[in-house]
Amino acid sequence: MDYTLFVIQLLNGLQLGILLFLVASGLTLVFGILDFVNLAHGSVYMLGAFICASLTFALGNFVYALLISLPIVAVIGYGFERLIARPLYERDHLDHVLGTFGAILVIDTLAHMIWGPAGIAIPLPAALDGQTQLAPDIIVPTFRLAIITAGLIAAAGLYWLVNHTRTGMLIRAGASNRTMVTALGVDIQALFSFVFAIGAALAGLAGMLIAPITEASLGMGNNIIITAFVVIIVGGIGSMKGAFLAALLIGMIDTLGRAFLDDIFKLFMSSSAAENSAPAISSMSIYLIMASILFFRPQGLFPPKLR
Amino acid sequence: MTALLTVSQLNKSYGGVRATDDLNLEVMTGELHAVIGPNGAGKTTLISQLSGNVFPDSGTISFDGIDITHMVEHARPHLGIARTYQITSLINSMSVIENLQLAIQAKQGHSFKFWKPYADNKDVRTAAHEYAARVDLGSRAEMQVANLSHGEQRRLEVAMALASDARLLLLDEPLAGLGPEEASDMISLLETLKGQQTIVLIEHDMDAVFTLADRISVMVYGHIIATGDPYHIRQNQDVQHAYLGED
Amino acid sequence: MQKKVFVQGLILAAVLIVPLLLNYMGHPFYLDLATRLCILAIAAVGLNLILGYGGMISFGHAAYLGLGAYAVGIPAHHWLYGGMDAIATTNGFVQFGLALLVSGIFALLTGLVCLKVKGVYFIMITMAFAQMVYYLFISIAEYGGDDGLVIDTRSEFPLVNFDDATQLFTICAVSLFFVMWLVWRISKSQFGMVLAGIKGNEQRMIAMGYNTFAYKLAAYVISGMICGFSGALLGNFTTFISPEMIDWARSGELMFMVILGGVATTFGPLLGAITFIILEEVLSTITIYWHLPFGLLLIGVVMFVKGGLSALIPKAGDKE
């Protein structure tokens, strides 16, 4: 197996892991604090991609478009919380699931009506469009490095927000004891809306970052949401640290599995058998990992501390 | 008399709190053994470990000579251990009779019977009615549990444990939340059980405890500080301290 | 009671006779629609066993439809194009047997994992397992991958001909009635009572001495097999199988049918399926964007039916 390819795939895995974290962090934040299951979280990821695409064409620059799209998706998240989520908080999870499933149908159809059925490719500015040489024989697309950097900055920002600010303290307190936070005189509703907006911005950011590589397309949100579920299940629902580590783990396994599983299989089976079975196994790998982790640790790898 | 239940050196901690601290307890066959203690002494945690809902960190529990410390919860009723809950825990969507039927059937082998309508199971139904009558719920037999009064639910709680035909009953505050009249009904019910079955009774109502118990263990901070008959417990200095404070 | 039985009989008669009548009068379209209705209703009945009677909210039951359909399609594919001689056949008994077997085994294996957890975890994990099957079939190029698999030949049974639309419909309708009766019997059995008890208060059932995990697993497997059977019929009906059948939106639609129709009832899934098919048909003739009003309707029902859709769930002990 060749070294250059391995490093590049490792970076790809890291990139996928970070994008997954951006989506999963919002999910796990909302679930941990509001006990709310939001299937439509993936739709925000998709909206981020589409909005950023339109703005890129309008403004002629991807970076500006991204910076403007971020507050837009945050507002969408805020509106979603007010309109859809808030009336459902007191209901059980089945209602959350059905209500947000309905919301997905609505959002996806609206996106279909606005942007049409075909995907939209986003052109990158010249500065991001080239290749970067990391080491003598390792050349990677600059934009992938940009994704990783932007994702890590967002993750660090989230970490800072949650662990080192007053709002973050309230968020953490709200997760463990909602009544107490209300008793302290904090406007819990505003806090919830804020959490939703942050989650939406992060998911939207992930969509914007991936869109120049994959295009903005209609089904993209619904594919990533389930992978994000796998991430938070493996990490332990409600745990930010768990989500981060699980996202990297899942991103790596998925990427490396797709890239190298056939080579590994060829070590002990015929080459045609390996080529036939490797794609099937690697497509299932993250789910198999999830199943085996859950079998031994039903609460996930890093369950949040008991309430 | 032989011990039906022997608990030795039992420990269970939650975080830094030792809910069960080096606890020893022996319950003789046929006795009604009350466990009393101030709030937070760890009485419910003890019951949960005996019934298998919670596993101890260390120590052993043996029932009728069998080590059940690590036995799964659903296996213990088959040995003859049944419990009731301090906070009523019934199947609210079902009728009184259906609840009792489930309790009776739990002991009759497996329930992987997919075909025969359960309503046809006359023997179980008859037995269920008998248990309902025994706790004075005969007239409520077909009523949904959710619609019963609190006192009636508490009685059904006990009847469920009886219906499982256990040798050891673990009763977790059967008098909880009952008015004076309902409480005295419950006490009479428990009196009829006395001598029939071995009972571990957790209760806050001291009148009831001193009326009913053959022996009493006093639990403070997860530890049994005294065991004895009601007379001796009443006289015990440590117990008075625990309940009344230093003065 | 008499009146209720009469209404129920009327519904069943209508499901069977109206499509045949319309077909006879020269509207074969309705026969197709009704065939699809019956097949989806079978799956909804299967899902209802765990969702309604058992309180296990599975968001991944479309996987069993897919497995059942591929269990028909793959043997047929090999029978036509060679390879895998062991399963290459058009024999309906083998194909349907395979569908039941595969869906049963899949339910058993995934059940061992997902029944260890509750609530939201259960919802998400059933979803994830369905997605696993979805990606599995996408990745197998031999069976068409993304594009799906065309079955050029339907299951062959003695006496009946699946190529005849009328016969296929009749088989589907009769199968539906049979499965409804089966689940009704199960729900009234001792097993059904235990299942209802677990839904009502699992902790108490454990304390009484029930190994609730085993009972839930059994229900989960039966439910999966019913959906697998439905999938085998679906493969025969569409003669085109694709991973799209396993898309999680399909699982969501199944849930919608069960819940809208009324969980833990014998006729609920059928009524839900009828409502769904009519909605889909009517809305999609009005606009290609029919998911928009459908989604709004779904949100509206969840929000404004008092206490949410779950409030429509009759308690386990309620007799129909």
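Order of writing sets the chain letters: A, B and C. Residues in each chain are counted from 1.
Operating definition for what follows: a contact is a pair of C-beta atoms (placed from the backbone, for glycine too) under 8 Å apart; a residue touches a chain by one contact, two chains touch by 3 or more.
For clarity, every value in this text was computed on a predicted model and none was experimentally measured.
**Q** Going by the contact rule set out at the top, which chains touch both chain B and chain C?
**A** none
**Q** Relative to chain B, which chain's C-alpha centre is the most remote?
**A** The chain farthest from chain B, judged by C-alpha centres, is A.
**Q** Using CA atom averages as chain centres, what separation in Å is found between chain B and chain C?
**A** Here chain B and chain C have centroids separated by 43 Å.
**Q** Quick check: how many Å separate the C-alpha centres of chain A and chain B?
**A** Roughly 49 Å, centre to centre.
**Q** Provide the C-alpha centroid distance between chain A and chain C, rounded to the nearest whole angstrom.
**A** 31
**Q** By the touch rule stated above, which residues of chain B touch at least two different other chains?
**A** Within chain B, no residue touches at least two other chains.
**Q** With touch defined as at the start, can you tell me which chain C residues reach chain B in the complex?
**A** Contact set of chain C toward chain B: 185-186, 188-194, 196-197, 199-201, 203-212, 215, 218, 315-318.
**Q** Under the definition above, what is the set of chain B residues touching chain C in their complex?
**A** 51, 53, 73-78, 82-83, 85, 89-95, 98, 101-103, 105-107, 111-119, 121, 144, 146, 160, 164
**Q** Across the complex, what residues on chain A touch chain C?
**A** Against chain C, the touching part of chain A is residues 31, 37, 84, 87-88, 91-95, 97-99, 101-106, 108-110, 112-113, 222, 226, 229-230, 232-233, 237, 276, 279-280, 282-284, 287-288, 290-291, 294-295, 298.
**Q** For the complex, which residues does chain C have touching chain A?
**A** So the residues of chain C touching chain A come out as 57, 59, 110, 112-114, 116-117, 119-121, 123-125, 127-129, 131-132, 135-136, 138-142, 248-249, 252, 255-256, 259, 289, 291-292, 294-299, 302-303, 307-310.
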